[in-house]
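Pasting a structure below so you can have a look.
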Amino acid sequence: MFPLLSAVLATLLVGTALTFLAGKNARWVALATSLAFLAEVAYLLASYPGWPGYSAGLIPGFADQESYAWIHLGWLQVNYTVGVDGISLVLILLTAILQVATVIYSWNETRRPGAWFGLVMLTCLGCLGVFIALDILLFFLFWEAVLVPMFFLIGYWGGPRRRYAAVKFFVYTHVASIVMLVGLLALVFYSGATSFDFASVYAAGRGLMTVTQTFLFLALFFGFGVKFPIVPFHTWLPDAHVEAPTGGSVLLAGLLLKLGGYGLIRWAVFVLPSGFHESQPILFTIAFVTIVWGSIVSLAQRDLKRMVAFSSINHMGIVLLAIALGSSLGLLAAVLLMFAHGIVSALLFMVSGSVHHTYGTRDIPSLGGITPSTPVLATMVMVGSLASLGLPWLISFPAEFTALLATWDGLAYWVLIPLGILVVTAGFYIWMMQRMLFGPPRGIPVGVHDLPWYESAAMSLLVVFTILFGILPFLLVNLIVSSPIRGFPGT
Amino acid sequence: MAFAIVGLAGTRLAKLEWGGWVAVAFSAAAMVLGVLIAVGEMLSPGQYVNAQFTWLQLAGAPGPFPNGISLVVGTLVDPLSALMLLVVTVVGFLVLLYSIGYMHQDHGLPRYYAELSLFLAAMTGLVLSNNLLEFFLFWELVGVCSYFLIGFYYEKPSAASAAKEAFLVTRVGDVLFLLGIFIYFFHFATTGPNGGWAANGFVFTNGSTPFLPVASGGSSTLLTIAGLLILGGAAGKSAQFPLHVWLPDAMEGPTTVSALIHAATMVAAGVYLLAITSVFIGFTANDQLAIVAIGGFTTFFAATMAVVHPDIKRVIAYSTISQLGYMVLAVGAGFAMVGLFHLFTHAFFKALLFLAAGSVIHAVGTQDLFKMGGLRKPMRVTAIAFAIGGLSLSGIPPFAGFWSKDDILGAVYSQLGSHPLYWPFFLLAFAAVFLTAYYIFRAWFLAFSGDRARDPSLPHAHEGPWTMRVPLVVLSAFAVAAGLFIFLPNFQSLLLYGAGASGIPPVYGTSDLLLSGVSVGLGAGGIGLSYYLWGNGRVFVLPEASPLHSVRRLLLNRYYMKVGYDWIGLRLVYGISRGADFLDRYVIDGTVRGLEQVFSTLSNQLRRAQSGVVSDYAAYVIAGLLGVFVLLLIVAPYLLAKLGGG
Amino acid sequence: MSLEELAFLALAVVALATAVAALLVRELVHTILWVSVFFVDLSAIYFLLEAPFLGVLQLGVYAGAVTILLLFGIMVTRKRIFSRDAATGLGPIPLALAAVTFIFLIASVGEFPNSPTPLQTYAPALLSAQLFGPNGPWLLLLGLIMLSGVAGAIYLVREGRE
Amino acid sequence: MTALPVEGFLVLSGGLLAIGIFGLLTRRNFILILIAVEIAMNATILNFVYFAAFAPTAAGLSGQAIAVVLIGFAATEVAVGLAIVLALNRIQGTINVAQATELKE
Amino acid sequence: MDASSFIGPFVPELLLLGAVLLVFLFDVLGIRRNEGLSTIAVAATSLALLSVLGDLGFAPLGVFATLPPALLDAAPTGAPLYAFTSLGLIFQAIFLLSALLVCLASASRPSNEKGAPIFYGLLLLATLGMLLVAVATDLIFLLLAIEVTSISTYLLVAYHRRESRSLEAAMKFFIIGALSTVLSFYGASLLFGAYDSTNLFAIGRATSTVGFPVLVLLGYGFLIAGLAFKVTLVPFHAWAVDVYDGAPSDVSAFLAGGTKKIGLFAFFLVFLGPILYIKAIGAGESPFQGGALDLGPVLTLTLAVLAVITMTVGNLLALLQKEMKRMLAYSSISQAGYMLIGVTIGTAPAITGATMQIFAHVLMKGGAFLVVAGVAALGIGPLIDDWKGLGTRRPLLGAAFALMLLSLAGVPLTVGFVSKFVLFSSAVQAQGYFVWLAVAGLLNSALSVFYYARVLKVIFFDAAPTVPVAPTAPPPAEALPAGGLGYGRAVTIGLIAVLIVAFGVYPQPVLGAIQAAAQHFITVGA
């Protein structure tokens, strides 16, 4: 069989290398590669045969699976194993979309364009790797590999406190990864898995004692949770987002946060069912705290980007809640939400970036009535905000609706918390729009131009997907439900 | 679905310069279709489900949804929706037409027509939804359109603020509504034909009968809660107490918008929601009481605020709240179709009032009643139209309002026996009749009577162009005649809808004559008092010593509810969030940075040991040696003896 | 107590005393004097332990060569630190460290059997057979150490004409 | 031949080591430090000789051989140390180790 | 013994010795051009490396094999002074690699340096000592071989004999080194007293049966202290920072990348036997059982404590360091803590992990110090802040250095990640209390990320000072080729960068060989 996934990886790898070398022409190389990547992903989606089905004790099947020996030491059996199911495919699609959008958005990057585009693509490459890896080491490798380009993206192209933010981001998330790594290693060695492959870990992990499973699950959860990020381990995120360049924020919010959710689903929930079950109360508590905290705090923010960053925390809290429910409906909601949040938060961060370089500030109170001077930008702010607060017909709604439905299904009246928070979420977006877009013009420099074509093109791309999947969510849902979540909880 | 497509197409085309006319044309087409459908429905009562398609499908799995979950989008045309459709398309068309004249000097017209067309499309979609979820989708969409249209003059801070307020308050209602949907959804998930409601996608009907067992009179707590939540949603949209605060402020939008959205159609969606819920699902007895209470109370409550307000549009807005209260009251009493009938008539006369007020505002450029005066002469059409609307509103026969309002009072009266607590709310609603008549004619007298404007700086008033006048005339005609539709048998058949299934008796036209008499008398009394105080350009000033001053202040300040909400919103929630932000920055992140600080301090302390004197280094080596001895000879054996090795 | 034991005790006391004296006297030349006495004293102990070859080696290398090297070093650096060591107090910490080390060391005394096997005597020829036979690599290694030591030391000390 | 008392021997060897360490820690003159190291080295050599004297033949022989090698090694060490002292003295004009603190935090 | 049986196994050592003598001969003859001498040194080390690799059985290098196969991993008979284990050969290869890299980079030293023959002579002698350490099976042989290296490196550190920093470093190195030597030999003498032997196999086998528990423990205590000097375990580490700082950077590279590893191999040799011998004792039992001693757990616990202290303190010290070389020195100390984990656990996987870590460290730390040397040649000061903007002004050099730092931090796709991964995996695999070692190590590596990231930040994100800093070192007399670094350094740094990534992506050849060797080592040792 043709090694399709490796080919996709290789495309990105070669493209990235060429981008680094291309210097001034990097953007063309980057765009070509990104489009090729998108096309390949489209082919992957189209050719996805669906999940072979579920019955008790059966190891989930993956499409396009490849496996080659990598490190074989007897006690340490590591393979290069990749494969996809519906969950990964949706997130890979997100990766491809965001990569194209980011490349287009930063079309006019003048500071070291080769390095910029190369690092952007490297980040996406890492995320793609995480989504297709079916081996613990490979997974962890890509997981960590994402940090490095992001570190440079924030640190070199970022805002005034970028150095602090870059180091904080790197160290903070690295600490979490390390706890996760201990968990993963313990998972392999305590369960007696024969190799680091998902299949082997999956088969062995559920055989562990409940206590062990719980410990392992919590270790993994901490690792994945910081990426989410869960309150109170979230403080790297506002700093990183605020200081990151727009493209960096887009990838950070759009993709990096999703790694946590994906990891939790793939490597913790499925593999350690009884540990998951035991930990559910903790997960619920943290999810609720995260939802409430993210929303409440974002209401108090003056910086547009920081506000969006906290709203990301809020949304990822809902993702966590949906995962914690442990029902197939919940998992569906979680994946949908991740996709939706990826697109919408990317849009919002682009908007924040554009506001910043159009008006020289992102401080909401010092701006006002920007609609007449930059109508396109204002429209994008509106679309993004409305999508983010869960307006029907836009992409977040089906996801949030499914999540709330699942929450009611699993927790009944506890759904009041996320539901109530929806009002607060709406509150800060609407308030922001009132203060920034409407009212008499304030803080508008002379000679302001509306968005350049590449920025509006990138945003329009995202808006198209926002509306497309908002109206036709079954395009995604069909993919997701033809993966193992359909059978969850199974055994 | 055709309407949605028409509307959307209109939206796109309306971006052009002559977009207004395009929008009008499309809405005219929609109106024709709407009328055709309504007529069709009248001629052959009954409902039919048009094509529906699956929007989101989850296969069955063990658990609460053995048959899976399916969310569909489809259309349902039944008498209920036909009636509503008629209102939406007719008023919509007229308002759009009116807009051509009214809005001609505003900038941002393409946006205006686009949003208005989108609104109409969404409203049509809402009316034609065949399931609760689809209903909710459009419900939110109209909310957003309303948000944008209220904030149409976004440069005005007050408009932006009002838009925000409207969105947030209705959002509260939406959230309650959504929760209500969930409860119904799970309650009925697996009951019903074809694998239950979940598997069928929340649809209302299955063929010719309501899909769900009617729960009216049932006592299930869960269903009661669900009903209350639906009521909450409706209260948000229909501006019922305590979520009414946004509607008066929504008058910051163009008057046309107020007429269409905040009087005739969108705000009525809440009532419509209650109606479809009561028809297809049914409320429990406690729910009904709550609905009656909210409706009855709001009716009176809003009317009191309208009594003193100086702003012409806000007076009408309060009146809208009050009238919506009547409709809610009717639904609560078990007469959904009566409520809808009032909705039908109210749409016309309230739109008429708004458009007439708009005409006034267009002419004089202010909304302050106390600055106007004497407009009767230059604006004859408007004055007559406003008067017709006022009479209709006051429930003076034979204007439309009389028939529908009378029906409501009669219907509620007939149900008074079912619960003692119905009485006070019935009385409140009854009292509101008087207030209604008083305040609307206070407005009429202030604006139109007298010889000249009280504020001399106002421009010379003149009537608007024909595009503005025609809708006024047409609506006047409706305001006069719509009530008489009730005597058309075919129209009756629309209102009789569901009588068999839900047990609603046909009460219209058979209401107690005495009741009607008292109500008309109250209305007339209100007009009389109004004339006494304000007629012929008089201005009534409350005596200095009157104890009513405090009441007036209370009313002018809207019972301090907005202040209270602002306090909750700004002081409480924002305060909490500021506090949380502080915690986040200084406690949570402070811990992180504190950890860094701890390590730095440790590092500095340790570095001090690196003195550069080699003798010190040697001392460390010896100390280390001794430390190793201690570990080897004392600590390790002790620990191992305690814990075991390995 | 046998004669050997008495002699050993006496020599041990002298060794400890001279070692302390060598480190404590302020006059550096006196230090060299005490150190040479210490080396000679140890050589006597080797003779007592039936290791005459080692005793001779100790006399030759330590009491002879090393002492002269040290003296040479003092003479070369003397003009700066004319005669006295740069003053440092005895300091409680070094004293404590040394004392505790000592205490740890004599803690093992109880493990030795009361009557150890008698002393053995080896002919120097046997020793030389050892050194050049199976344990030859030790000497080779010593040779390497000396090679690098000498080469480096010469390089360091040589007055370069750079 | 009778055995020599092990207690006395341990006191001697341990004492010499302790004295060497003490000297190393307190003296600041490089040459005195060298002497301290040599005293401790002699304690080590003494150990080998003493243990060799009571060991089985083969082991005893190798013990003495070790002592021989160590004496040679100690001499080399002194030579290297002196070379460093001289070079240091030439550059810094002092052999007081406490004054050579250019390298520190 | 006849000469042929002696020469065969020792070809690498003899090659080096020959090169040393040749270099000294040239010195005597007055031929002191750096280029020529460097060529000799590179040739000797690379030939020796090829020979060792051939002996190890890497297929394409079979022609270079000189060791009779029967000698490799043979079960010891009698009490030999040396034996050839495949793990030892792997260490030889590692040592030779570090020497080769330093020699190669040293080709860029000024060609008219007067002391060049001494430099290469001592360097090769030190390497020779290291090779001999790797074959030792006798305590005295081991300690003497270590001394060969020590004495050579004392003098190497003093190589800049006219610079007080260099001499001061040598003085400190010498004093602490001499003290440690005394301690090691004293410990050896105590063990000799207890066991009547200095053979490591014999000692290892005797630990569980022979009495004198206190004496033996004291002996091991002295040995730990003495050898810890070389490994730079805390608190025996203080010299290392000053010495790495004061020594010429090429020498620092050799010290950090090469010679400190002999201490670790010595730890393997000395402590692994006892650790392996003793079965774990149960709860409630004392390790002192009727005169005999269960040494293994006691040693394990002690070493574990040392390992944790070392990595933590090393990292903490590096955290706020302002000077580049000192920062690298501290980080090198903390890395020693990780490596010690391998000894502590003592299983074949753990030894594999530790050896891999040592191998990786040669590349990363050696490379980093070589970059420092090169950057100094560019006239850039010693402070981290002096490096501002280097990554943007010289992207390739910056990238190579970043790669080394990232590898030190354990970021994936670098050899540093692989080694840490295997090492900590082995700790988890050993289960029990060892998992905590892995946790401690991993948390520490997270701590270390902080200062590596800080350096990266300075190099890449901080703007270069607009006014060029006055170079602290006088600018080189002749501008060196290859961007001011010199060909030798440039090639070496590039080679190291490539190796870091290559073995980071596909470590199987190295890991497989190490794993097999470690397995043999355990089997032979046990």
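Brief remarks on what is shown
The chains carry the letters A, B, C, D and E, assigned in the order they are written, with residues numbered from 1 in each.
Rule of thumb we're sticking to: contacts are C-beta pairs under 8 Å (C-beta built on N, C-alpha and C of every residue); 3 or more make two chains touch, one makes a residue touch a chain.
Because the structure is a prediction, the values reported are computed rather than measured.
Separation of chain A from chain B in touch steps, taking the shortest path, is 1. By C-beta contact pairs, the most connected chain pair is C-D.
Chain closest to the overall centre, judged by the mean of its C-alpha atoms against the mean of all protein C-alpha atoms: A. Chain B and chain D have CA centres that are 96 Å apart.
The centroid of the Cα atoms in chain C and the matching centroid in chain D are 6 Å apart. Put simply, the C-alpha centre of chain B and that of chain E have 76 angstrom between them. Note on chain placement: the centre of chain A and the centre of chain E lie 42 Å apart, centres being C-alpha means. Counting partner chains per residue, chain C has residues 93-94, 97-98, 101, 104-105, 107-108, 112, 135, 138, 141-142, 145, 149, 152-153, 156 touching two or more of them.
Touching of two or more other chains is recorded for residues 17, 20-21, 24-28, 34, 50, 55, 62, 66, 69, 73, 76-77, 80, 83-85, 87, 97-98, 100-105 of chain D. For chain B, residues touching at least two other chains, in rising order: 607, 610, 612, 614, 618-619, 622-623, 625, 629, 633. Contacts between chains, counted with the stated touch criterion, involve the pairs A-B, A-E, B-C, B-D, B-E, C-D, C-E, D-E. Those residues of chain D that touch chain C in the shared complex are 1-23, 25-29, 31-32, 34-36, 38-39, 42, 45-46, 49-50, 52-55, 57, 60-62, 64-69, 71-80, 82-87, 89, 93-96, 98.
Interface residues of chain C facing chain D in the complex, by the touch rule stated above, are 2, 4-5, 8-9, 12, 15-16, 19-20, 22-23, 28, 31, 35, 38-39, 42, 45-46, 48-51, 53-54, 57-58, 61-62, 65-66, 69-70, 72-74, 76-77, 80-81, 85-86, 88-91, 93-95, 97-99, 101-102, 105-106, 108-109, 112, 115-122, 126-127, 130-131, 135, 138-139, 141-142, 145-146, 149-150, 152-154, 156-157. Partner chain B is touched in their complex by these residues of chain A: 168, 172, 231-232, 234-236, 239, 293, 296-301, 327-329, 332, 369, 371-372, 386, 391-393, 397-398, 401-402, 404-405, 408-409, 415-416, 419-420, 422-424, 426-427, 430-431, 433-435, 437-441, 472-474, 477-478, 481, 486-487. Chain contact summary for the complex, chain E toward chain C: residues 20, 24, 81-82, 114-115, 118, 121-122, 125-126, 128-129, 132, 140-141, 144-145, 147-148, 151-152, 154-156, 158, 161-162, 190, 211-215, 218. Of all the residues in chain E, the ones that touch chain B in their complex are 171-172, 175-176, 179-180, 183, 214, 217-218, 220-222, 224-225, 228-229, 233-236, 238-239, 241-242, 280-288, 294, 296-302, 305-306, 313, 316-317, 319-321, 432-433, 447, 450.
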